[in-house]
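Below are structures written as structure tokens.
Presented sequentially are two complexes of chain A, the first with chain B as partner and the second with chain C.
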Partner chain A sequence: MILYDYALSPDCYKIRLLAALTGAKLTLRAVDFHPGGEHRSPAFLAINPGGTIPVMQDGTLTLTDSAAILTFVAAKSGPAWLGDDSPEMRARVAQWLAFAQRLSASIGKARTHDMLQKPADIVACRKAGVQCLREIEAALVERHLTGDAFLAGNRPTLADIACFPHSMLAPDGGISVDPYPAIRLWTRSVRALPGFIEMPGIHRLHDLKPEPVGVPE
Partner chain B sequence: MPDWTPVALLRDLPPLVVMPVTVDGVDLALWRSASGRIAAWADRCPHRGMRLSHGFVRGEALSCIYHGWSYAQSGQCQRIPAHPDLEPPEAIRVPVHHATEAGGVIWVALDTVTTAPPALAGVQPLRSVTLDARFDPASAGLTESGGAWRGTLGGVAVAVLVQPLPDNRCALHVLAESKASPTDLVAASRGIETLRRQAEGVSA
Partner chain C sequence: MTDPIRDEWYPVALVSQLGPEGRDTRLLGEPVRVAWQDGAIIVTSGGHTLPSQQRYGHVWACPGTPARPLFDIPEADQPGRRLVDVGLVRVKCSPLRAVENFLDIAHFPFVHTDILGAEPHTEVGKYDVAIREEVDEVWATKVHFYQPQAAKSAAGGITTEYMYRVPAPTVSILYKTCPPRPGEWDVITLFVQPLDEELCEVWPWMALFDDDTPMTDLIHFQQTIFLQDRSILENQLPHRLPLDPGMEIPTRADLTSIAYRRWLKRRGYTYGAQLVAA
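So, the complex of A and B:
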């Protein structure tokens, strides 16, 4: 599985994270999204005419949507992540995979506006981002009240992987994550999963690591 | 000004978690040690000014995310990783405020405390929400009783504690009657969302 990847992209990170959690082997092809604009080059457009990242190639299959890529990686390497325990869980996973597009269109755009000077209606993006975070917070509260710790049920699924990165990176776009206690604990649960990997702006839980000993002279 | 300000529900601060809170305009790092002790400190590492609420808890100490300086319950710096053999000077100390738990609510007082926080009986913690608006409990149909605002949300009897925040914002810490079932609590949680939309003028 070849992933056309950009280190600072939350949508690319989702794929790398799921691969790490499921043990899937990815071949990474770095795309110089910024400042090079390589995603608009003729060579890249020949792969994905839409000019978006991430892109996955596996044999003759080319996928250009992050939800589709997550579904493919899970189906191949970790079917439990599809969340097929019940019709309700499966539907929730589908709903959160679609919801993640709203996160990209709000928090994601606010973030590329603030970090990479991409044009955006920043006020509208932040307002929509706050609304998205409030919806995730309310959903997590309801899940907790019925005994579940994750977005789609009592165990992590693609729903969590799809919504986790933007929920943590919102401050990059000037959107505070301080007002959301359920999101705080949920993002800690995701970061505590065995095999979790970091991206710039999303660090591991230092409290789970042993106290470092003194550095030798 | 009341002595104590409600800042969070205890269930939202399990051991090993640190979170930012604001009391009387002062930013604080609220954290809970491995053994469950609650502390509210100035949200600023004395070393380089990084927010300690970005830090992490190991055992009974809070560490800064930036250079790993760790601070004991007293606020005293106990370890500087880059100088493992140095005993940190006493002057390296984080200002410590009063923090306590009562009835599933965490309360903080910046200065002298003359009273205990109100003990709310017959309720269970529901959730905390932040409003990007002032909140007038009376216009929301709530009445003050026993140190909290009482009323019903989603058909469930609730007690609401109001925490003022800067920029005309506020946080509401909502508790529901003890006998409420999970289904009732979901309805009350949705009632809080409606209350927030009304307070923010999103819909009438």
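So, the complex of A and C:
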């Protein structure tokens, strides 16, 4: 599986993260998204006319959408991540995969605007980003009421992998995550998964170390 | 009379990325335009053409009257080096904070975990810091640090030696041991464009000995490192760099930062600085 990848892209990172969590082997092909704008070059557009990353190629298969790529990697290397425990869970995963597109279009754009000076209607992007975070927060609170810690149920699925990166990187685009305690708790759960990997702006958990000695019982 | 702030050279664009549309940007709070004209690049501000030149992959401009030539990086012309245009990263921080963070080796294990540093190897040994009067630059030398992956070309953990150099108030250059070429130094720079006193665009640039790593991987590696710094920089307090001693407690690792602040103060470079302890 070849992944056309950009180190700073949350949508590429979610593929790398799932691969790390499932043990899937990726061959990374670095795309000069910034400053080179390689994703708009004729050679890249021949692979993905949409001019976006990530792109995955495997044999004759070319996938140009992160939801499709996540689905493919999970189906091949970790089917449990597809979330097939029940019709409801499966449908929720599909819904969150679609929802993640709204995150890319809002928080993702605000972030590349603020960091890399890519063009965007920054006020509209931030507004839409806040709306997305509010929806995730509300959904997580609702899940907690039924005892579930993850977006689609009581265990992590593609839904979490798809929505987690942008939720954590919102401050890069000038969107605070301080008002969302359920999101913060959930992102900690994702970061605690065995095999978790980082990207700039998404740090591993440092605070799961043992208590210092001398703490009273 | 010279102006210690306006008479400096500042990066305003990457030559390789300057398209026919030009670039509208800002320098020291004023609008600046970088554009092609008859095959040359010119920089204008407020109806005036600014002194400008192209060097180290970037367009440099001076809002005032240049007090001195642009600093020299002799390695830039050394045959066999790959010159890497990393591209701008905007950071909501004082331009001086961006330089100061770059000089601080103690943050590697915590911010660049498993790349430029790793616990428990957090010790910064004794090193030398000096303001070199003959060139009017800050230099830190004999800095040794254990690194898990010092460069894209490094196969495993090594102890890296660094030298840090501040040749201009908003420029920092580091020299580090070059894994594939013992005896030579890799050159990694941070060229900082001050937009305002608390907003800057940072242009990392590198001159490396590495014949194997694809250019895009070199860019990604450096962007990864710098983006790890960005959120730290945006959350630093006070936002402006205090030039008066006594506000922040010095440790051995901060000796370079102390020299840098002293040197800035001596030069009267106060853009992005805080003079009176708040």
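The working rule: the second predicted complex is superposed on the first by the 208 of 217 C-alpha atoms of A that agree within 3 Å, B and C clash if a C-alpha of one lies under 4 Å from a C-alpha of the other, contacts with A are read in each partner's own complex, and residues count from 1 in each chain.
To be clear about the criterion, a contact is a pair of C-beta atoms (placed from the backbone, for glycine too) under 8 Å apart; a residue touches a chain by one contact, two chains touch by 3 or more.
Keep in mind it's a predicted model, so treat the numbers as computed, not measured.
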item: Which superposed partner A:Gly23 touches (first chain B, second chain C, both, neither); value: neither
item: Which superposed partner A:His34 touches (first chain B, second chain C, both, neither); value: second
item: Contacts of A:Pro49 with chain B and chain C, given as first, second, both or neither; value: neither
item: Partner chain(s) touched by A:Pro194 [first = chain B, second = chain C, both, neither]; value: neither
item: Touching partner for A:Leu116 - first (chain B), second (chain C), both, neither; value: second
item: Partner chain in contact with A:Tyr6 - chain B first, chain C second, else both or neither; value: second
item: Interface residues of chain A shared between complexes with chain B and chain C; value: 203
item: Residues on chain A engaged by chain C in the complex (per definition of touch); value: 6-8, 30-32, 34-36, 38, 114-117, 171-172, 198-201, 203-204
item: Residues on chain B engaged by chain A in the complex (per definition of touch); value: 8-9, 12, 14, 16-17, 19-20, 56-58, 63, 65, 68, 81-82, 84-85, 127-130, 132, 171, 182, 185-186, 189-190, 193
item: Chain A-touching residues of chain C, taken from the complex the two chains share; value: 14, 16-17, 85-90, 113, 201, 214-217, 219-221, 223-224, 227-228, 230-231
item: Contact set on chain A toward chain B in their complex; value: 130, 134, 137-138, 141-142, 145-147, 178-179, 181-182, 184-185, 188, 203, 205-207, 211-215
